[in-house]
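Both complexes shown next keep chain A, but they swap its partner, so chain B is in the first and chain C is in the second.
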Partner chain A sequence: MLEFKRDQLDDVEVLTLKGNLDALTAPELRPTIDELVANRRTKVVFDLRDLTLIDSSGVGAIVSLFKRVRMLGGDVKIACLANQPKEIFRLLRLDRAFDLFDTVEEARGKFKK
Partner chain B sequence: MAKLITIRGPTRGREYELDELCLLGRSPACQIYIGDLTVSRQHARVTSSSGKWVVEDLGSGNGTYVNETRITQALLQNDDEIRISTSVFRFVADEEPAGGRWVNMVTVLAGNEPGLVNTVTQARVPVPQAFLESNTSELTIRGDLQRAHRMLETIYAVTEATANVLDPKKLFNQILDYLFNIFPDADRGFIMLLDPNNQLIPSAIRRRRGEGFSGGLVVSQSVVGQVLQEGKSVLSTGTANPKKTASGATKMCAPLAAGGKTLGILLIEGRVDGRSFTQEDLDLLSGVAMQAGVAILNAHLHQLLLRQSRLEQDMAFAKQVQRSFLPSEPPEVPGFLFSRRYNPVFDVGGDFYDFIPLPEQRIGILIGDVSGKGVSAALLMARLTSDMRYFSISEISPARVLARANAALIAGVQDNMFATVLYMVLDVPRRLLTLSNAGHVPPLLRRGRDGSVVEIDEATNLALGVLPDAVFDEFAVELAIGDGVLLCTDGVVEAKSPIQEEYGFSRLQRAVASASPEAMIEGVIKDLQRHSGSTSQYDDITMVAFTRRT
Partner chain C sequence: MGDRISVVLPNNLRYRDAVGAMIREICQRLEHEGAEAGLGHQVISAFNEAFNNLSLHGDEREDLEVDLLLSAEQLAIEIRDRGEPFNYNEVTAPDLDELPESGLGIFIMRSFMSEVRYVPRADASGTNRLRMIRDLRGA
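Presenting the complex of A and B:
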C-alpha cells in the first residue's frame, strides 16, 4: 500500500509518501513523476517520514525523478528519512547524490539560497 | 409507403414497409431476414432516392434477380419481382390507395399452393377505419410478437457474432456494425467505456457516411448520469431538457454492463433528417447493449490473460539471456580456490556475477544487483556485464572501471534503473586485492591466521546509474595464506526470519567460519536456512567466495 500527497509550497513541490514504495506501488507514482517533469518543476522535496519500506523499484522511482529534474537544472531533496528506507539509502550510498534533511522546512529552505 | 411482399420463400406472406434503406440477407440484423443458407448474409439492399426505389446486389454469392434478370442494380417499378435464391418479393410502389389505410400484414398465410399470390393480394385490400380500431388490440399483440421476434433475432445475432471476438477493437466495430444495420437512421455510434477513474473514454466511434467528424459529441450529462447510475436506457432529444423524449428523440443511450459492473455506455445518434427513435428502438438497443457488455467483459478478461502469458514468455526469454551471461564454472587460478552460488527466486532475478580474465595474471571479480525484475532487468544486466568486461580490460583501476560503467549506464538506460556493483581485481602474483564498491553489500574478509571476519566497508560509493559525475574510490588489501573473501547480494543480508527479523551483517560475519570457499558459502546457506525457518526465500541469493591456498 502506498499513499502519496502532492503539495505546492511556494515554488517547491513536496511529495509526501506513506506506506510501501516497492515494485507493486512504484508504478502508481510514475504519472506524478512524469507530470512534475513535464511541468518543469525543478524544486522537489520528498517527505519520507511515513515511508515504512522501500525496495529497488521504489528507489528507482525516486532516482528517475532525480535524474530528470537534474537535467532541467533542478534538484530533488529528501526529508525525514527513517527506518528501513534510511538503511537502504545508506547501503546504496544515496546520500552522495541526494541532500538529506531532518525536516521538510529545512529542505525547502535550501532551495531558497 | 412502398413495400416488399414475400410471395415465395421462408417468409412468404410477409409484407415489409420500406424505409430509406432496407437490407435483405441471411444475417438476422437485416431488415428482411431470409433464413436460407443459399442467401448471403448481406445479400441485397433496397434504397430510395427522391421517390425512386433501387435494388442493389451486395456482391452476393448467388445473385439478385429482378423479373428473372440478374442485376447488380435496378430501378424498381410497381409489381416488379425480386428473387433472391428461392425467395421472391413483390415490390409495391408508394401509392396511397383511396378508401382506407394499408394494414401492416403480419399473418403468415396458410397453404403452399402456387395460388398464394392471390391470397396475398386479397390481404392487400384497403381496410376501413372502423375495422382498424376494433382490431387494434389484436394487431398490437401481433405487432409486439413480431417486434419481440425481431429483437430476439437481433440479440441472438449480436451474441453469435461477438461471442468469440476477443480483440476489443474488432469487437467494438462489430457491435457498431450491427447497430447500424438495425437502425437505418443511425448517423453516429459511440462505445464509451469507464476508465479506472470512472471517466467515460470514447473507445469506438462510427459514422455512417464518410470519414471524420463534422461535429463533436453533444450528450447531456444528465442523460449519461441517468444511464450510468440507474443502469437505464434513455431516449434523448439532444436538447437541454432530457425529459422531452416522447417525440423527436435523436439520441439513444444504453448502459453497457456485465457481471454486476457498469462498463460504460452505448450511444446512437440519429440522422438530422431521419425519423425519431422510439421506445421500441430503445428496447432493442438495450438488448444489444446487454449482450455487448458480456462480450466486452470477456474480451477484457482475455486481454488480461494474454498480457499475462506474453509476460511469461518475455520472462522465459529474459531468463535465457540472463543465464547465458553468468559464468558456468568458477575460474581456475593458481594458489586460489573459487566457488559461487546462484539461487534466484524469480525466473529472472536482478543478481549477477562474473569472473573476468585480465592481462598480467590478474582476474576481475564482479557481483552486482540490478534494480527491478523481468526483461528490463535482464537486459540491463546483460549490458552491464558486457560494459564491465570491456572497461575492465581497458582500465586497470577498479574505481575507473566503475566510473566508466556509471557514465555508460546514465547515458543509455531507462531513468528508473540503477545497479549496485562490487568490482575487485585480484593481482595473483602480488596476492593483492583492489576493490571499488558502487552501493553494493560490502564484502567480508576472513583472516586465516585467527579466523576473524571483517566487513570491508572502505571504498563504498554511490550505486551506478544515479549521478553522471559520481566519484568512485578504491581500496587495496593483501591476502595472506588461508585468507578468504565472501561477496554476496542483499538477498542474503535482508533474508527475513518468521518474525520478520533481518539476517543482518553480524549473523553473516559469524557464519563465515570455514577456510574453503565452498564450505564458506555452504555455512552461510545453512545458517540462513536456520534463520528463515519456514519463511520462503524472498529475494535472489547470490554468493561468490575465494580463498588463498598457497
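Presenting the complex of A and C:
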C-alpha cells in the first residue's frame, strides 16, 4: 500500500510518501512524476518520514524524477530518510547523489539559498 | 539442524508482504538477541527483490514455495518456482555512479545476503531453486 500527497509550499513541491514504494505501487506514482516534469516543477522534496519500505522499482521512480528534474536545471531533495529505505539508499550510494535532510523545512530552506 | 517455516503462495506481488512480515518478525527477534542491527531491513530487501523477479518474470499460474530455515549459524530463504529460469549468473553489478533506474534487484540480493545460489531446473519437475543465506555468526 502506498499513500502519497502533493503539496506546493511556495515554489517547492513536497511529495509525502506513506507505506511501501515498490514494484506494486511505484506505477501509481509515475503519473505524478510525469506531471511534475511536464509542468517544469524543478524544486522537489520527498518527505519519506512514513515510508516503510522501498525496493528497486521504487528507487527507479525516485531516480527517474531526479534525473529529469536535474535536466531542467532543478533538484530533488530527500527529507526524513530512515530505516529500510535508508539501508537501500546507503547500499545504492543514493545518499551521495541526493541531498539528505532531517526535516522537510531544512530541505525547502536549501532551495532558497 | 534448525527451524523451518514453509509457505506455498500464489506467484503474485500482493502476497509478498505476508511472507515479509514473517521475516521481519524473525529478524526482529534475532536483532533483539544480538544479531547485527539492520539485519531485518537487509534480509527483507533481498527477499522482496527475489520475489519481485519471480513474480514479474515467472509463471503466474504456478505457486511459489518459500522455506525459511533458521539455525544458530544462519538464516536461509529458499524460493522454488516452475517458471522460465532466468540467467542469474550472467547478471553483472550495476554502475552505481550512473544512477541506474533498473537492474538493481540482484545487486541488492547479493549485497545484503552472505550467499545467493540459483539453480535453474534443479529437479526433474523443472523446479528452479533460489537460495539466499545470511550468515549470523560474527555479523
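Miscellaneous remarks
Rule of thumb we're sticking to: the second predicted complex is superposed on the first by the 113 of 113 C-alpha atoms of A that agree within 3 Å, B and C clash if a C-alpha of one lies under 4 Å from a C-alpha of the other, contacts with A are read in each partner's own complex, and residues count from 1 in each chain.
Please note the rule applied: a residue touches a chain if its C-beta (ideal position, glycine included) is under 8 Å from a C-beta of that chain, and two chains touch if they have at least 3 such contacts.
Because the structure is a prediction, the values reported are computed rather than measured.
Note on chain A: of its two partners chain C and chain B, the one contacting more of its residues is C. After overlaying the two complexes on the shared chain, residue contacts for A:S64 are found with chain B and with chain C alike.
Look at A:L53: by the touch rule set out above, it reaches chain C but stays clear of chain B. Contacts of A:R6 after superposition on the shared chain: neither chain B nor chain C is touched. When both complexes are overlaid on chain A, the residue A:N83 reaches chain C alone and has no touch with chain B.
In the superposed model, A:R40 lies in contact with neither chain B nor chain C. In the superposition on chain A, contact of A:N20 is made with chain C only, not with chain B. Using the contact criterion defined above for the overlaid structures, shared-chain residue A:L92 touches chain B and also reaches chain C.
Once the two complexes are overlaid on chain A, the chain A residues touched by chain B in the first and by chain C in the second are 23, 56-57, 59-60, 63-64, 66-67, 91-94, 97.
Every residue of chain C that touches chain A in the complex is listed here, in rising order: 13-14, 16-17, 20, 38, 41-42, 44-45, 48-49, 52, 55-56, 96-97, 99-105, 108, 111-112.
Residue ranges on chain B touching chain A, taken from their complex, read 350, 369, 371-373, 410, 414-418, 420, 439, 441, 460-463, 465-467, 470-471, 490.
Only residues 23, 26, 56-57, 59-61, 63-64, 66-68, 91-94, 96-97 of chain A touch chain B when the two sit together in their complex.
Contacts from chain A toward chain C in the complex involve residues 20, 22-24, 53, 55-57, 59-60, 63-64, 66-67, 83-84, 87-88, 91-94, 97.
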